[in-house]
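Chain naming follows the written order as A, B, C and D, and within any one chain the residues start at number 1.
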Amino acid sequence: MTNLSVNIAGITFKNPVTTASGTFGYGEEFRDFFDPGKLGGIFVKAVTGSNREGNAYPRMAETASGMLNSVGLQNKGVDHFVREIYPRIKDFDTHIIVNVSGSTIEEYVRVAEQINELQNIPAIELNISCPNVKQGGMAFGTIPEMSEEVTRAVRNVYKKVLMVKLSPNVTSITEIAKAVTDGGADVLTLINTLLGMAIDAERQRPILSTITGGLSGPAIKPIALRMVWQVHKAVKIPVIGLGGIMNATDAIEFLLAGASAIQVGTANFIDPMASVNIVEGLKAYLQKNHIADVNDLIGALKTD
Amino acid sequence: MTNLSVNIAGITFKNPVTTASGTFGYGEEFRDFFDPGKLGGIFVKAVTGSNREGNAYPRMAETASGMLNSVGLQNKGVDHFVREIYPRIKDFDTHIIVNVSGSTIEEYVRVAEQINELQNIPAIELNISCPNVKQGGMAFGTIPEMSEEVTRAVRNVYKKVLMVKLSPNVTSITEIAKAVTDGGADVLTLINTLLGMAIDAERQRPILSTITGGLSGPAIKPIALRMVWQVHKAVKIPVIGLGGIMNATDAIEFLLAGASAIQVGTANFIDPMASVNIVEGLKAYLQKNHIADVNDLIGALKTD
Amino acid sequence: MEIKKTVQDLTVARNISLNNRHFLLDLIAPEPLPLMLPGQFVQVLVNDSPTTFLRRPFSIHQVDYPRKSIRLLVQIKGDGTRHLSSLREGEALNVLYPLGNSFSLPSVKNVLLIGGGCGVAPLLFLAQFLNQNRIRPTILVGFRTKEEVSEIEAYSAFGDVFITTDDGTEGEHGLVPDHSILQKERLPFEKIYCCGPDAMMKAVARLAALHKIDCEVSLENTMACGFGVCLCCVTPTDRGNERVCVEGPVFNIKRLDWI
Amino acid sequence: MEIKKTVQDLTVARNISLNNRHFLLDLIAPEPLPLMLPGQFVQVLVNDSPTTFLRRPFSIHQVDYPRKSIRLLVQIKGDGTRHLSSLREGEALNVLYPLGNSFSLPSVKNVLLIGGGCGVAPLLFLAQFLNQNRIRPTILVGFRTKEEVSEIEAYSAFGDVFITTDDGTEGEHGLVPDHSILQKERLPFEKIYCCGPDAMMKAVARLAALHKIDCEVSLENTMACGFGVCLCCVTPTDRGNERVCVEGPVFNIKRLDWI
């Protein structure tokens, strides 16, 4: 029997394949395609202190092997999440993790406190890396002191597993990773999107209403892999890796680089089945290579 | 008549299309395909203080819409350049600009001094952004103080046009741009490659001998465009833009974002004619849109 | 009633060129088609086009349940549609469908359908659907030029067809909203359904508002997912930013901030 | 003599499947072919393969100057070669050629060519070239299995052919360097040309060194440009890191640090 389950900061995931925040809704939209219970976990769309309308349309630009988005954390706020959405999804047969966002430390803390009360949410993912909001968001994630401060503030109120999602738009990802670890994070998630821009040469205008937006998709995979590798070597806490994962081979690369689990993001848009297909592909790889336990892949990159 | 010529820090380029260092050799290899005199300029391969063998093979990995390289500044050193190569290329009917690299400030200064003596080289491009050397290189380009210091040291000895090529692997590209401007740069070139990594999932090994390498190609274009746009707004000196330019439309996007000229890099590998085709495509675009002067495109992005 | 979405390999049964910018694609499903409504769309995965990363949305132009076949009307815009235009019979096309809401069934009888460019795509399906509900609509369709005027017979089977061309080579000269049937002081229509370029839809919406005619438009915002999870396709409505791929693509103009 | 490189659209004249992993591509040039030498290669632009960013290098397998045609022997490895395998007659393929140095013309008569897998590709052209220079080589070629043994008649026209298969289903059982003609105490060859997987070439190089036979190998380092400007394809030689695409792909083993 091949073991696919991984334990991350005390939480057992039935397999290391999860879905990235903002690319999987609240999981409900995928039930037409497959049973979300087949996944290790689901990271739901960012939740903020109150309702946000997000940025103006256009919010998307296609780029070479990737896309830019500037959604800007559109969501109906944490009260709505607790009241309306949580009851609908809490009994999914997989771990639901809430992506917590905000513009101020107080907002992060307030959302985390409310999510802390939800019994079937074993962890939150603190999004200190959203490039698409004017205040807060990525700003927190690019300055080590601020990253540590917001992590610590949330740590003080949040009693379950605290994951922090890092921004790749930094000179030294390991410096941020260490600061966040010092702040009390249990797990690091990386990477969020890279800040980019697209221009319509005919109209001589930016394509996004916000001019710049966040780059995701296979284009960023080499950068994501490098950062996961660097952070895995620099900190002792587990890392969840993502950025451009489209298939099982990509997922395996992240595990080898040191990720204890992976998230599937943009790939969900192109193939709603991408994440379950990755579970299957991972299983096939392990069997073909006679690896009994997926944990034997994690960080197993040979560099001699 | 459509004007294609641009003036950058006093140098008149017959058109804004040049080729990126490390992707065009010394220009000679392209003479089978077209007359290099058709280009605005040629940025030749990095020159260092003495002979370098570069990194071990494998030095290249293909990625989604891009590639990683870890050549590591292989070249025969500045003496060899002055003695052997300069005489062969000095009479090309285009501007030859030397990409100056090093591991120490002294090395940069020494190379710059020697190139300063070469009459037909109107400018150097200081490469403080190479991710593929252990010491120096990118390290200089990611810390504002060091960027400024190396620029100032070279400025003191180099009397012609000093261009400085920036690394995108930083939290704030505008901070570095300002530091380099303060250090005495006449022109900024951006971007160099992004630090990335590729893994062979079958062999469970990194593909590059150096594990990490520099990402180039269309994958990075959104990031490059964003940085050119940010820097163009932040500094008063001209910017030369590059990163994933494959065709005339890409080039026009960079001009709109604020680049006074562009460089064609990885595209040269796929189509040796890419750069001249871009000159033609740019001309066609101007004519179709009844724009008499290419300078009217520079920074003309409409953002209202 | 909730329609289950599916992602399936359909088989290209026919690729019919209408003119050098438009073609029809007939796609056969491997199993009975799900129920589809006029206004809904599909998301097509374009293979082998290095510059086409995301799926491409197209309205359902016609449905043939017995043959398990849907027809798309596609205009060549860029690399994605260019690749689709060279699909050959027998090739597989991965399609995610059916997506989005639909035009509402009108409670009135005097109905006008207005389409411009490939915005006519959903109107044929709608016209047929109206007929099945004993409504024979007036159909006003605009094209660039005579060579692009097509499928008029198909429309005529379901309603009275009026044509404009931008260059006046067939039908009335000018843009769709300028057609003479719309220039009367009182318009004989109780409901307008419109689909086409934004500028055209806005002009029609103004006209409808002026004449106090109920009006639905079908938006074509750019999409990443097409099934509600990315929030890239939103449009401002009276309930805030709503997803064009789920709450739309069809919106009553009363709900938009257009007028 | 300097041969001018060119980048041209060639036309696929034939795509001949040899077995489910190998095929031959005949490509016709629009104008007379440049002079090409055995060991040289071409860089092919693979269209419509979203995962194939760079060109793909292939050895020149055969040249037919009167027909302005070159033949490639391709093994399907990944997406790029898979796309090439489905090319149809009449399609255009953009090719950059001729690239690299070539095997040297030997000053001796007893010549052995050794090829494994698709490493046999340049050897047919070389064998023909040797014949034109009145040398009839011994040719030792290795395949995975009987089904993959191919073009033996073509080789036989130019020399005496010996075969190995990994599974023993044809010729001798085992790897190429283990063939009985190489197991004698004194080998009757004065020159060896070898092309194939690295491990095989290294084994042959050791054998050649042992028997003090002059030996040239053709390397297949991964390439970005193929014409000398990226410095990605280098191999360590007695003159430092040299470009396999310009100073190679053919190197005398004396110049490599293999033994």
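As a working rule, a contact is a pair of C-beta atoms (placed from the backbone, for glycine too) under 8 Å apart; a residue touches a chain by one contact, two chains touch by 3 or more.
These numbers come from a predicted model, not from an experiment.
Colleague: What is the set of chains touching both subunit C and subunit D?
Modeller: none
Colleague: List every chain that touches both subunit A and subunit D.
Modeller: Neighbours common to subunit A and subunit D are B, C.
Colleague: Look at all chain centres (mean of CA atoms) and spot the one farthest from the centre of subunit D.
Modeller: When every chain centre is compared against subunit D, the largest gap points to C.
Colleague: Report, in whole Å, the distance between the mean C-alpha point of subunit B and the mean C-alpha point of subunit D.
Modeller: Centre-to-centre distance between subunit B and subunit D: 36 Å.
Colleague: Averaging over Cα atoms per chain, report the distance between subunit A and subunit B in Å.
Modeller: 34
Colleague: Find the geometric centre of each of subunit B and subunit C from their Cα atoms only, then give the gap between the two centres in Å, rounded to an integer.
Modeller: The separation of the two C-alpha centroids amounts to 47 Å.
Colleague: Send over the residues of subunit A in touch with two or more other chains.
Modeller: 63-66, 217
Colleague: Where in subunit C do residues touch at least two different other chains?
Modeller: Residue numbers touching two or more other chains: 50, 52.
Colleague: Taking touching chains as linked, do they make an open path (line), a single closed cycle (ring), a hub with spokes (star), an all-linked set (complete), or other?
Modeller: Looks like a ring, each chain touching just two neighbours.
Colleague: Each pair of chains that touch: what are they?
Modeller: A-B, A-C, B-D, C-D
Colleague: Contact residues on subunit D for subunit C in the complex?
Modeller: Its residues touching subunit C are 48-50, 52, 83.
Colleague: Mind pulling up the subunit B residues that touch subunit D in the complex?
Modeller: 22-25, 29-30, 32-33, 45, 51, 53-54, 56-60, 62-67, 69, 71, 74, 217, 266, 268-273
Colleague: Which of the residues in subunit B come into contact with subunit A in the complex?
Modeller: Those in contact with subunit A are residues 61, 63-66, 68, 142-143, 169-172, 194-199, 201, 203-206, 211-212, 215, 217-223, 225-226, 229, 244, 249, 252-253, 256-257, 285, 300-303.
Colleague: Quick one: which bits of subunit D touch subunit B in the complex? Just the residue numbers, please.
Modeller: My answer: residues 4-7, 45, 51-55, 96, 221-236, 240-241.
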